[in-house]
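Labels A, B, C and D are assigned to the chains in the order they are written; within every chain, residues are numbered from 1.
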Amino acid sequence: MMKEGQSMNIQHLIDMRREFHQIAETGWLEFETTIKIIDYLKSYGYDIKYGKSIHTIRMGLPSMDEMKNHADAISLERDYEIEEILQGYTGVVATLDTGRAGKTIAMRFDIDANGVEELKVDTHKPAKEGFASKNKNAMHACGHDGHITIGLNIAKWLMDNKENLNGRYIIIFQPAEEGVRGAKSLVGAGVLNSVDYLLSGHIGMGVEKDELVVGTLGFLATTKLDIYFDGEPSHAGASPELGKNALLAAASCALNLHTLPQFGAGMSRLNVGTLVAGTGRNVVPSKAKLEIETRGENEDVNELLKEKVKHVIEGSALAFDVKYRIEIAGSAPSYPKYNREFIDKIKNYLEKDYTISVGKNLGGSEDVTYMMNEVERHGGKSVYFMFGTNLKGSHHSNKFDFDEDVLLMAYNVYKKTIEMLNK
Amino acid sequence: MMKEGQSMNIQHLIDMRREFHQIAETGWLEFETTIKIIDYLKSYGYDIKYGKSIHTIRMGLPSMDEMKNHADAISLERDYEIEEILQGYTGVVATLDTGRAGKTIAMRFDIDANGVEELKVDTHKPAKEGFASKNKNAMHACGHDGHITIGLNIAKWLMDNKENLNGRYIIIFQPAEEGVRGAKSLVGAGVLNSVDYLLSGHIGMGVEKDELVVGTLGFLATTKLDIYFDGEPSHAGASPELGKNALLAAASCALNLHTLPQFGAGMSRLNVGTLVAGTGRNVVPSKAKLEIETRGENEDVNELLKEKVKHVIEGSALAFDVKYRIEIAGSAPSYPKYNREFIDKIKNYLEKDYTISVGKNLGGSEDVTYMMNEVERHGGKSVYFMFGTNLKGSHHSNKFDFDEDVLLMAYNVYKKTIEMLNK
Amino acid sequence: MMKEGQSMNIQHLIDMRREFHQIAETGWLEFETTIKIIDYLKSYGYDIKYGKSIHTIRMGLPSMDEMKNHADAISLERDYEIEEILQGYTGVVATLDTGRAGKTIAMRFDIDANGVEELKVDTHKPAKEGFASKNKNAMHACGHDGHITIGLNIAKWLMDNKENLNGRYIIIFQPAEEGVRGAKSLVGAGVLNSVDYLLSGHIGMGVEKDELVVGTLGFLATTKLDIYFDGEPSHAGASPELGKNALLAAASCALNLHTLPQFGAGMSRLNVGTLVAGTGRNVVPSKAKLEIETRGENEDVNELLKEKVKHVIEGSALAFDVKYRIEIAGSAPSYPKYNREFIDKIKNYLEKDYTISVGKNLGGSEDVTYMMNEVERHGGKSVYFMFGTNLKGSHHSNKFDFDEDVLLMAYNVYKKTIEMLNK
Amino acid sequence: MMKEGQSMNIQHLIDMRREFHQIAETGWLEFETTIKIIDYLKSYGYDIKYGKSIHTIRMGLPSMDEMKNHADAISLERDYEIEEILQGYTGVVATLDTGRAGKTIAMRFDIDANGVEELKVDTHKPAKEGFASKNKNAMHACGHDGHITIGLNIAKWLMDNKENLNGRYIIIFQPAEEGVRGAKSLVGAGVLNSVDYLLSGHIGMGVEKDELVVGTLGFLATTKLDIYFDGEPSHAGASPELGKNALLAAASCALNLHTLPQFGAGMSRLNVGTLVAGTGRNVVPSKAKLEIETRGENEDVNELLKEKVKHVIEGSALAFDVKYRIEIAGSAPSYPKYNREFIDKIKNYLEKDYTISVGKNLGGSEDVTYMMNEVERHGGKSVYFMFGTNLKGSHHSNKFDFDEDVLLMAYNVYKKTIEMLNK
């Protein structure tokens, strides 16, 4: 018989969540976060994989300087190898093999924070109670501190109960979910190989407290692009014709990009989120950068939109005779539909304990879809939960906070789903 | 001794000018005009060249339909071959060889009208006195009817006095000066070969009555381009993403083109004069056409500007994934500087009879510069006169008219210059 | 007992449809069409209303010249007053009052043709069999010739059976449905007052032959706007700074308008269908016109979009210091949802005779929604049928044609629905 | 008899120039520079004016934070009041009244550095010889360190020779010439009141070593504007229609601004030098800033261009329903023509000692024109010298340096001109 969840103390979850909240680190810079997760997992008895071995191509990587500065700021030391982590190979994969025949169940928890400066006023509980982020411009404003906590405690429960479990368990602590950057790298490295079931989810997301969503839908396909234009400077008064104007290329590009997203084949979106161009008032601007994103109700829409985007970028560069470069800073596929039978099975099992709704829309993008699609492509099944809770402030705002009761609910939902899948 | 100009009756010039005013025909459609000029020249005893033999590539040609419609409308017949004329090979070159050694003097008179509907009210003399244009949307609103008249009467005078003259005389009646289209075709066909002196000029142009400008400057290099974008239509409501939007390509092109003409190396201009795009309100527009022009203080400026224009057009097409086509609809080079000695010689000869100014700016473009540059490239010399007169309405306006006294002045200036060059 | 539909000869319907096909006339120019409808209705014994009495504000009216030219071309005479019709007050409303208590049933049939030049080749049946449109650039390419035919025959049947019917019948022959221009004018004039049931529909629309759609959905709210920019011309070479550039205002407007239709609150569309600007290549363009349309999944979306459109137009004019004018050339509201009970009642009654589907999407706009909303606002009920048939060529194409069997089907559907509503 | 310039040691000039080179400070932040100038002037025996008393409205002022940070960085202390200087009221005006009747001669020396990070390699003499700027992003890359040096030494010479001089001398050390920001503030405060002669000039500027330009021309009128757009953010995926897009307003503004500078009435220029917009990739951008400049061959051109610029900014804001704000960050008038007689008088006096050219073009803007126009408006006369020298690197580049011999030449030119004006 398994050790029961009643032994789980809500205060323990809260404390751990607050510990991670304080060391909020943004995507690919989750150095201290990763190391702390490793420390916990080691203390539970796990052998784990991390560093280059779990990564392929990392999209939207910060610059070497940003990495170095952050590493210097936190100055960590361990008796195990952390060099690769400090180069941005963040995240951890823990595996438990019970040695008994059975299914392979993977779980994914995202660990990164947002590039937001946390509010430091008493109306904001993390500030008032002293667990606000210690890092500048980094705040857990989307609840991933909670996700880490749930993941670590499920890992501990699995280890504690491994004698009563069958098959294999893979617990993925994914970096850089914000900006949909990290999942593809892990999937490429094979961390989802031979998985029968993939469980993941998110707290909050507009779901009411104590409500559980099973089988989320409406994951939009998305691509994040950084666009660079590179022209030639010249004196704007004396010889404007010798310049090649990257600012005007970028301005024309921005306007023309925004004419693209009208699609009959499904909802589509495009946003030029930032544009930075020029070096001085009296110089023909030779440099410009845009950060943009596309979204589509399905892959086809997003792919056709991306193709159109590429034309506009190339054309804008050509029009002003400047060079261009496109960097993919993030991406996530859509998740067209779930396995109804599997979702219903989970629903039926859990609905004695929870108010459940099925098939609610995420209304955004999440790169866990790389993992869900990968698992299902090989015959596996996946479920994405949404755990309802009361929020202070919207996701990504500097006053975001959640009712910590949701930690126990989510912990129990994972635990019970694993129990059911073991039956 | 030459037959004198005193025999020239101003009324004869006026009558002939009014005859041509009535049959105003725009560029490459000067069918009746050309035939009437031929008739006169034949009556003076000239053998003349016309049709394909005096043309190479004609820029800015009207469509077959326009030519056919105009030919049908005027239904001309002659006992000589006029077929090629009715295909747009308009204009005439008359040559008089005195048989005596001497210089070759060419003169150029432009013969086309403007695409303007002539004013039909009594304040406008051509209307009041019954010699307004009989053709719709064609009016001699730039005085070329006067130029023809001067040219024909000079031709007659030359023939009448051929026994007293030396060398050869080439009298060019050039079509399609408006839009700077005709000169290049004639030059290419060799009508300026072996010319020692080229005389040409313009009446009006803001010069005061009875003032004569010798040695005009400020001819701007110019290029006229027609730009076509060709995309794909689609239903704007049901499947906008299937369209390829030529209207937006054209709109972006127009805006981006207008960012180009800032040059430190000399004055430059660009104008997108017309833009016509789309087929219906609810269809993604698949067609667009722009009529544009570039100008430059010198060839280098205009050439660099054209290169930038090409980039913008290509880039605009690429951005919206539409095809493009560029047609050169006209062009004229600049005329950087005249032969000061030659200009002074003419000035000195004529200044007993006229108030003369030297080196005034045209402030625009004229494709006679192809001819002037051609003659000078081969060691010849050229002069461009401006014959001052009172104007009603500005050039190209529907109420343009000029004081017909200028006809006699211009006739005499050409005659006396030829006399001087014969000395 | 009613006189039966079995007496309806399909050939009679075909002949009448072909009669109207030949005199295809576009919106507000349905002069001959209107008069022929009046003639028929009079022959059936109807008193009818037409001309100014059935109109308020007519959107998207052709110019006086276009009306005069068309009136001259067809030269009609009648012993009744047709003057107002020839001024564009087209369409007819026929009313039959049985004198017996009962419901008021209105029916709406649209009568205008499309601005399309009909294909004149033998593969196109109307051409081969000699009933193609006799008018230039006017063709029944959307089946309204069929609608007229159905309406007139229903009118005859009603008159023939008036002793067996109760209540009142209003048969509306609406002009200018294309471009969604006519319905609003009729509604404003009160032709839908006190109506209990409104029946209307469309043949074709992608519905398969012999299939009947009851209760159409997905009518998009739409607005058609004509935008005029009015600047100042100037010589593009000599004094460009004196011009006020309407072409650039229009180009900037077109691009900026196309950045608008991204809406989270429902599907939205915007199309700048045509742009015509400028007067000549070397003149700063002083005139521009755009024809645009907006669409929205619901009124709110379309209204917010229109508000944004207004900002862009005003801003574009202000940016280039030109004047602007906006004319509403057409509009139709959405039709959010039907009366399920009423639709089901019709479906249940008709499904013994037809393959029926309920609630299919129109996927476009139709100004009958003004009438449906008007009727329902006052407690009435409405149904919009789609009558399946095989099509040659898509709607609005120059080779559009339909299988004329659909005429009898539609005739019977209206008849049976009226019978049911009389029970 | 005056104390002679032969007593001036070139090494003294070089040492002082290098002293000021090391403490390079950009416009309105010339704290240490101003204080050091005051120290020198006090040591020469001058009473001086500085702080608020010499300023009115300062254009293009850095933020409070920038001022505070710079003040903290250099931590100066003096036994006289420097508080206002540290608030950006930089610059000094020194006056010497000989007590004898005579003319008032003003001189102006600009003192600010450029926002450029000085090159730190041995090929750059200031780096090699240890006198490179000690401040980050501040470098004397336009020779104003030399101007200060010349001004201080002329001040000393005046004081040393005051017994031999007549009239009054005003020596103006002007801040913030870069970006044409400082002169207007000083003129407004009356520092040029009752001036008979104004002497100023610049070293370098493409003039060859040992050549002296007397009577500079071609000062372009210019205006520097900062433009702010302020919209509303919203989630770009979920509710794009709720955003008000400042980035697109700025992009459209930038493109449309660049369509403006075609002027027949004189050369004009416009440059959008920088554009910074947006806060994050997935947020509708609510903020944008542009830094632009206009130039005109004369005031009328620049004023009309500014008017057009204002329309474009307002229209762009209106089009996207965002707020806007325009800040004037700098300006300078043109200087249409000099007093020929005065210039010739100087030339004639100096040409025994120097190779002189008259009336060379500056080819840019300089806000000394505010002062020159002010003096001439009240009947005074002014001269602007250019002192030729060999340069390393172009003005404003990070490797700019000049041949220090020019310091002595300029010193002597000022001295001799004053001597002449005293005669």
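Here is the rule we go by: a contact is a pair of C-beta atoms (placed from the backbone, for glycine too) under 8 Å apart; a residue touches a chain by one contact, two chains touch by 3 or more.
This structure is a prediction, so every number in the text was calculated from the model and none was measured.
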Identity of the chain that, by mean CA position, is farthest from subunit D: C
Result of counting contacting C-beta pairs for A-C and C-D, higher pair: C-D
Centre-of-Cα separation between subunit C and subunit A, whole angstrom: 51
Chain centre separation in whole Å, for subunit D relative to subunit C (CA means): 68
Numbers and ranges of subunit A residues touching at least 2 other chains: 237-238, 240, 248, 252, 255-256, 258-259, 262, 269
Residues of subunit B defined as touching subunit A within the complex: 235, 237-242, 245, 248, 252-253, 255-256, 259, 262-265, 268, 304-305, 308, 311-312, 314-321
Touching residues (chain side subunit D, partner subunit A) in the complex: 115, 179, 220, 222, 224, 236-238, 240, 247-248, 250-252, 254-255, 258, 269, 271-285, 288, 291-293, 295, 329, 363-365
Subunit D residues touching subunit B - in the complex, by the definition given at the top: 255-256, 258-259, 261-262, 267, 269-270
